[in-house]
Structure formats: C-alpha cells, structure tokens
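For clarity, chains are labelled A, B and C in written order, and residue numbers in each chain start from 1.
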Amino acid sequence: MSTSHTPVEANKVRNRVLIAIGAVVIIATYLYLVLGQPSEFAEGDFGQASLIAIIGYLLGSVLIAVGTIHRLPTTTIALVPVAIAVNIVVGQLSASIGLPIYLDSIGTILVGVLAGPAAGALTGALTNVIWGMTISPIALPFAVTAVVIGVMAGYAGRLGMFRRFYLAPIAGLITGIVAALVSSPIAAFIFGGATGGGNGAIVAAFRAVGNSLLASTTFQGLLSDPLDKVITFTIVVIILFALPSRFRSRFPFVREYNVFGKQSELAAPTRATRTGEAGDAAAASTSGDDSASTDGTPTPKG
Amino acid sequence: MTTTLYEDRESAIHRLNPVTKLVAMLSIIIIVFAVQIWWVALGIVVFIVVPAAVVSGTGGRLLSLSLKLLLPILIVLVLLQGLFFPEGTTVLAEFGPARVTVEGLMFALGIGSRIAALVLCSLVLLLTTNPALLMTSLTEKGMSPKMSYVISSTLQIIPAFQTRAQSILLAQQARGLRLKGNPLRRAGAILPLVSPLVLGMFTDVEERSTAMEARGFSSPATHTSFVVVPDPVGQKIARWLLIAVAVASVVLSLLGVFK
Amino acid sequence: MIELRDVAYAYPDTDHYVLDGVDLTVARGEVVGVIGASGVGKTTLAKIIAGFIPNVEGGTLDGSVAVDDVPISSLPLAEAVAQVGLVIQNPFNQISGAKFSVREEIVFGLENTGVPRDEMITRVTDVAALLRIDHLLDRSPYALSGGQMQLVAIASVIVMGTPVLVMDEPTSQLDPGGSRMVFDVISALTDAGTSVLIFEHKVELLREHADRIAVLAEGRIIHEGTPRAVLTDDRLESWSVGSTRYTRAARAARGAGIVHPDAALPVSLSDSTEYFTTQRTGR
C-alpha cells in the first residue's frame, strides 16, 4: 500500500493537468477561430481554420475524457453507459417522431447534475464517440459541444440551479447559448454549414443577406440549441424532482454541493439497548478497532 | 448483439491490428484537413479508402451507408455554397438573391471532399473492426480499462434500451399518448417515455457497480488481458510512419506550404 | 473464516439501525445458511462482510467484522474483495456487461487483478466444467436465459478463488436441478477449505447442504443451530421464515391429532416417510 500511495498522488496531478490542458486547448481553439477571424475565403478556402478546428477540438475533448475517467468512482462509471444509451435512444426517438429538437443530451445533463462536471464531460464526449460508431461518424467532430454541455450541467447543479424548478430552464438557456457558440465553428469550418437539410436552409437564409459563414452558423445554432436545452433541462428537472430524495442523495456530489437544497440534519443514530447480548462490546467502533476476536475457533450455538 | 456497423468477415483489412486502422484513419483525416487540396482528398478516397472497402468485402455496405449519411450533406453543401456565396465574384447565373459563383462551387468542392474523406474513412474503420478487439487493443496500448468498459458496455445496452423504449412507446400510445400537435406538446409526450428508462438506470447501476468492485474493477494491480490481439512489427512501423506523415503535413500546412 | 461480533449498522442519513447486534461465525470449510424475511437486512449484511459497508456506502457501522482474523473494514476495498467473493442477488447486474462473450465475462475479475493469461485459461476452463457451462463460453452474455446468466454470474465470482464466499440468493433464477448443482459446487468448494455464507430461502436445499442455519430477524441472528434443529423450531413463523413442506405437513397432521404430539418433526422426504409410518396414532 505504501508503495501505491505516491503514484496515486502523481496520477491525480497528471489528471488535473490533462483536464487543464484540454480546457485551454478548447478555449484557445474557439478564440482563434472566432476572434482570429481567419482570412476567410482568401484562397477560396479557410486556410488553417478547418485544420485548427478539427485538431484543437478533438485533442481537447480527448484530453478531458482521459483526465476525467480516472477521477470517477465506480458507481459513476457504471452510470455513464446507461446515460449514453438514454442520450442515443431518446435522440433517435425524437428524430423518428419528428420533433424539431435534438433531445440527445438528457443523460449527459442528468449525470452532470448528479455526479458533477467531470462525469458530465465524460458522458458527453463518449456519447458522440458512440453516436459516431453506431449511427453516423458526423457526430464525432461535435464531441466538444457535448463535453461543454456536460460541464455546464455539472456547474449548474453545483450553483444550485436545480434547487428550484424554474431555475433549471434558465440554466438550460445559458447552456444552449454556449453550446451554439462552441459548435458553430465546427459547422462552419468543417461542414461548410451543411449539417442537415433544415439547418442548411437557415444558414442559406443568413448567407443570402450577406453574413459570413461563421456568423450564419452561429445564428442558426442560436435558433435551435437554446430551445433544445431549455426543454431538455426542464425534462431533467422534472425527472429529478420525481425521484425519491434517497436516490438523489446517494451521489456524493449531490450531498457535497446541496444540489437539491439542504437536507435536514439528522441526529446520530441510536441503538436499541438490549442486555445480555455479546457482553459490553457494543458500540465499539470498527474504525481503527483491530481487536476482533482471534480465538479462531467456530462457536456454533445449539 | 451489438449496434455497431461492424461486418464480420475474413479479409486482410479485417486482420489488421485495430489500432493500426484507427491510427490510419486519424492520420488520413488530419492529412486531408492539413493539405486542403480537393484532389488530394478525393485521391485518397478513390485510391485508398474505397479499394480498402472493396478488398475487405464491405464495399456494398460502404456505398449504401454513404448514400444515406454522406449524400444528403453533400447536396445541401452544394446548394448552400453554390447558390449563396456572397464573397464570390465570378457569377455564372443569378436567381433573385441566389447567385451561382465559381468560388462558391470550388469552396463546396474543397469542403465536400474533406467531409467525404472524414466520413468514408471512419466508415471503413467501423465496418472492418470488431469493437471488442478495438477496445482490447487500445487497452493494451495504455487506454484506461474504465474507458473500454464504458464504451463496450454502452454498445451492448443500446439494443436493450431501444427495445425497452419501443415497448414503452407502444404502451403509452395504447393509453392515448398523441405524437401530434405543436412541438412543445410533443416534447411533453417524451417525458413519460424517458422517466421509466431513467428510473431503471438508478436501480441497476448501484448493484452493478458493487458487483464490478467485488471483481476488482478498481484494483491497483496491473491489468492483464485475456484476449491477445496480434500486432506484428511491420504494423508498428507503419503506424509511426503514418503519424510522422500526419505531423509533417500539419507543420507544412501551418508554414503555409500548401497555399 | 468469517467472524461477526455485535455488528450494528445504520445507513447514511438515517437514525435507524437496520442491523443491531449480529453475532455469527463461519468456520473454514463450513457452509452457513442465513434465512430471514425479505427486507430484514440480508443484502446489507452481505455487503458488510464483503467490505463495501462502510468503505463504499458510508453509514455507521459498530462492532467487529473479521475475515480470516483481519478486520475487513481496515482493508482497502481492493484487498477486501481479494478475501471475499460476493455473489449478488440479481445475476443481470452481476455481470459487467462490457464483455462480448461469456468466456471474457468470467475472466473480467482476473484481468482486473492482473492474473497471468495462462492461469486465466486454466481457471475459466475449470470453473466452466464445474458449473457445466462449457457450451455457453462463446455466447454473448446478453443472449443467456436467467438461469444460464446466474450460473455465469456465480462462475465469475468463484473463478476469483477467494477464501470466503458470500452468496445472496444464488439460485433465484434456477430450476431444481440447477439449484442442486450449485449446492454441489458449494460443497466441493468447502471441501477445499472455502468458507461459504449463503442467504437462501430454499430451506430444503439448506437442510441438505448447510452445516448450520442462522435466522436473521429483528436486526440480529435471533436463532442458530443445525438445520434440523432450526427448521423444526416452533418460532420460525413468528420470524416470518418458512419451514420445509415436510415439517409443515407434519405440524398439520399433529394439529389434527393424526400423529403422536411429541415425536420429533421431519425435515426431509425420508424423515417424513418414517414419521408418517411410525408415529401414527391410528385415528
């Protein structure tokens, strides 16, 4: 055990560094693509913008996923596959019954709120990886958006946005705006605005009145993402409020940050007093108590 | 019972180490985005990606999947950039606010060839690579077993979830759920579908994590692997070469060589 | 060996002790069956012995829990699980769900604990032969029936070779033949020195295979003894525990005055045959 102590500490530092670098890479990529305003179309193409978009966002997402997975307890790890399956199945269902919204991040937001931003980020990243593996590889470049949504849901929970029913849609609105901003360079520089029929038509309309491609995909995103996230966050808060509080409070993150408000403080449990049972050894705490009986012989009773 | 696109066949491409295929896919995507010359991207598709699919016996699947996944995007791209490209100066035709420009069409060609390379390359990897072996070989190369667990487990529970979602949907429809009306009402209709799925996730997950812990899931011991994926030296060298070419293309691109 | 001394436990954020004064010993090579009404804390007790409570789930644990003379809660979870194998109640949650064949599923725990590949192959072959699931090894775990899944779940724990096994209703999905086979496997393991604590409501199987039976009620082991002594105890019903059908039939016969009132009650078919042939009052 003593030998495994230092590596564990070292790994913690390593994971933090990976997450920090990942976040910096994503933010730098976004700022370069938006503020740098690459000499768009100078050569009939974007110059390095597409390259920076795909490498920066993918690298950042991978670093965050790798850094977070080691931090998560097994209960959370076991929760993530189910959450991803909820994302994918409900997302497909929403498309198949013709809803105009995506509804593909319910699981990500649930995990973010219950288990924190790191868990939300991992769920988001792997949702797009698996969406890419099972339905369409086009989801892969958008992994960074899902990471951001998971992180934002986690911080929304931490800041108490799930304590009141009406606060969750507000958190959804903010998350939706950020998601639109983050994903618009991907839509513009990697897909040329052509991420789907309906979206393409909206982008065309903004282009027709003279906007740049990035501005057009941003406006298009702002028309769909905030609405989607307001509805998704509302669905999530309804589900969470319907759950018995003992389910919700099983998550250490929920307890630590009072995600659903203060739980009433309970007194220390008291034991029923019986006499003649196992002598007076009762109430000896196990922590640090190694005085277990060592006679080694079974004592079957009649 | 997996949901991936994998096609179980015997071929030289199938037999490649999954990590080799993954590195090849990522390298090709990076090269295509770094070089930014449309005929390079199309050349890679025509002379590398498509032949690989044909050799592996997945050419038919690749064709049908491209028609489904890629063609719609390319059509939208050509319409969007071909008709609405305000920066274009060489006008070929004009329809009210829409102007067909040479620059717009060239732009669509540049972007379209890269999207085609990205999508087709990923599809060939998925069609020819057993996801279980991909996870095993990535774990051998140092990926966390937890990552492998999450991805493998998700791939296998999706079909069960789809079945459950379908049966819940049918049950709700039988009880009068309407999937018509305005979007907000339809979104409301999703709620009774999602709640049972989520409740299920709470009840099972804790038990499953206990069982996994009891089987040493977070043991500090060095993980060993039951399945061994062959990884010949030739492929190791090929991977490093691919990575070197990809890095070189990025460096050259940033230096402005391809302009 | 498992030794529980005055164990009491309350879940986090509750002020109620679900277990309150549990004393129980399982010697090396012994099978002890625990019976009790549902909701009496069997699963909680299983998790305490396996080291999950309070290490993972928190709460307040009093008393001492020792496995082979080592207090289990003093061990990090990774070491605790190397001592105690835990078969949980629902086999569908026992399997990792991440493996694409039964063979790989069974070795999941061995991979995690770094067992060399050659040894994995030997162990998975042995355990599959023991539980007669050789023919399932190449199937997908998701394509198994409930009973097959349960055998795979048991195999995946037995393969770890822990000195102590805690099994929570390990035959719930199995037919009588399968249940009997599982108990035969348990007997083979105990012959090799494994200590087994088994939570089971099929009392007739316990009567046949357990060295002792303990009754869990009111948060403690309220009664303990040989299978025959416990299963014929008049208080079983007041603890909401069922007795064997032979005992129940004999009680009914005694109540009706058909048999002698003070003859020892039967707990098995042969007992029962003898009882009803020799103890009749002739009415």
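Just so we're on the same page, contacts are C-beta pairs under 8 Å (C-beta built on N, C-alpha and C of every residue); 3 or more make two chains touch, one makes a residue touch a chain.
As the structure is a prediction and not an experimental result, all values here were calculated from the model.
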Problem set entry | Chain at maximum distance from subunit B, centres defined as averaged CA atoms | C
Problem set entry | Centrality ranking, top chain (CA atoms only) | A
Seminar exercise, completed: subunit A and subunit B have mean C-alpha positions lying a whole-number Å distance apart equal to 20
Seminar exercise, completed: Note: subunit C sits from subunit A at a C-alpha centroid distance in Å of 39
For this session: Could you give the separation in Å between the centres of subunit B and subunit C, each centre being the mean of its C-alpha atoms?
Result: 46
For this session: Mind pulling the residue numbers of subunit A that touch at least two other chains?
Result: 81
For this session: Two or more other chains in contact with one residue: find those residues in subunit C.
Result: 97
For this session: Would you give the residues of subunit B that are in contact with at least 2 other chains, written as numbers and ranges?
Result: 131, 149-150, 153, 157, 204, 208, 212-213, 217-218, 220
For this session: Quick one: which bits of subunit A touch subunit C in the complex? Just the residue numbers, please.
Result: 1, 81, 246, 249, 263, 266-272, 274, 277-278, 281-294, 296-302
Exercise. Can you list the residues on subunit A that touch subunit B in the complex?
Worked result: 4, 8, 40-41, 43-48, 50-51, 54-55, 65-66, 69-70, 72-75, 77-86, 88-90, 92-94, 97-101, 103, 106, 110, 122, 126, 129-130, 132-134, 136-138, 140-141, 190-197, 200, 203-204, 207-210, 231, 235, 238-239, 242-243, 247, 250
Exercise. In the complex formed with subunit A, which residues of subunit B make contact?
Worked result: 3-5, 29-30, 33-34, 36, 69, 72-74, 76-77, 79-81, 83-87, 97-98, 103, 106-108, 110-112, 114-115, 118-119, 122-123, 126, 131, 144, 146-147, 149-151, 153-155, 157-158, 161-162, 165, 169, 179, 183-184, 186-187, 190-191, 193-195, 197-202, 204-206, 208-209, 212-213, 217-218, 220, 250, 253-254, 259
Problem set entry | Contact set on subunit C toward subunit B in their complex | 47, 50, 52, 56, 77-78, 81-82, 84-86, 88-90, 92-100, 103-104, 107-117, 120-121, 140, 142-143, 156-157, 160
Exercise. What residues on subunit B touch subunit C, complex-wise?
Worked result: 1-2, 131-132, 145, 148-150, 152-153, 156-157, 159-160, 204, 207-208, 210-228
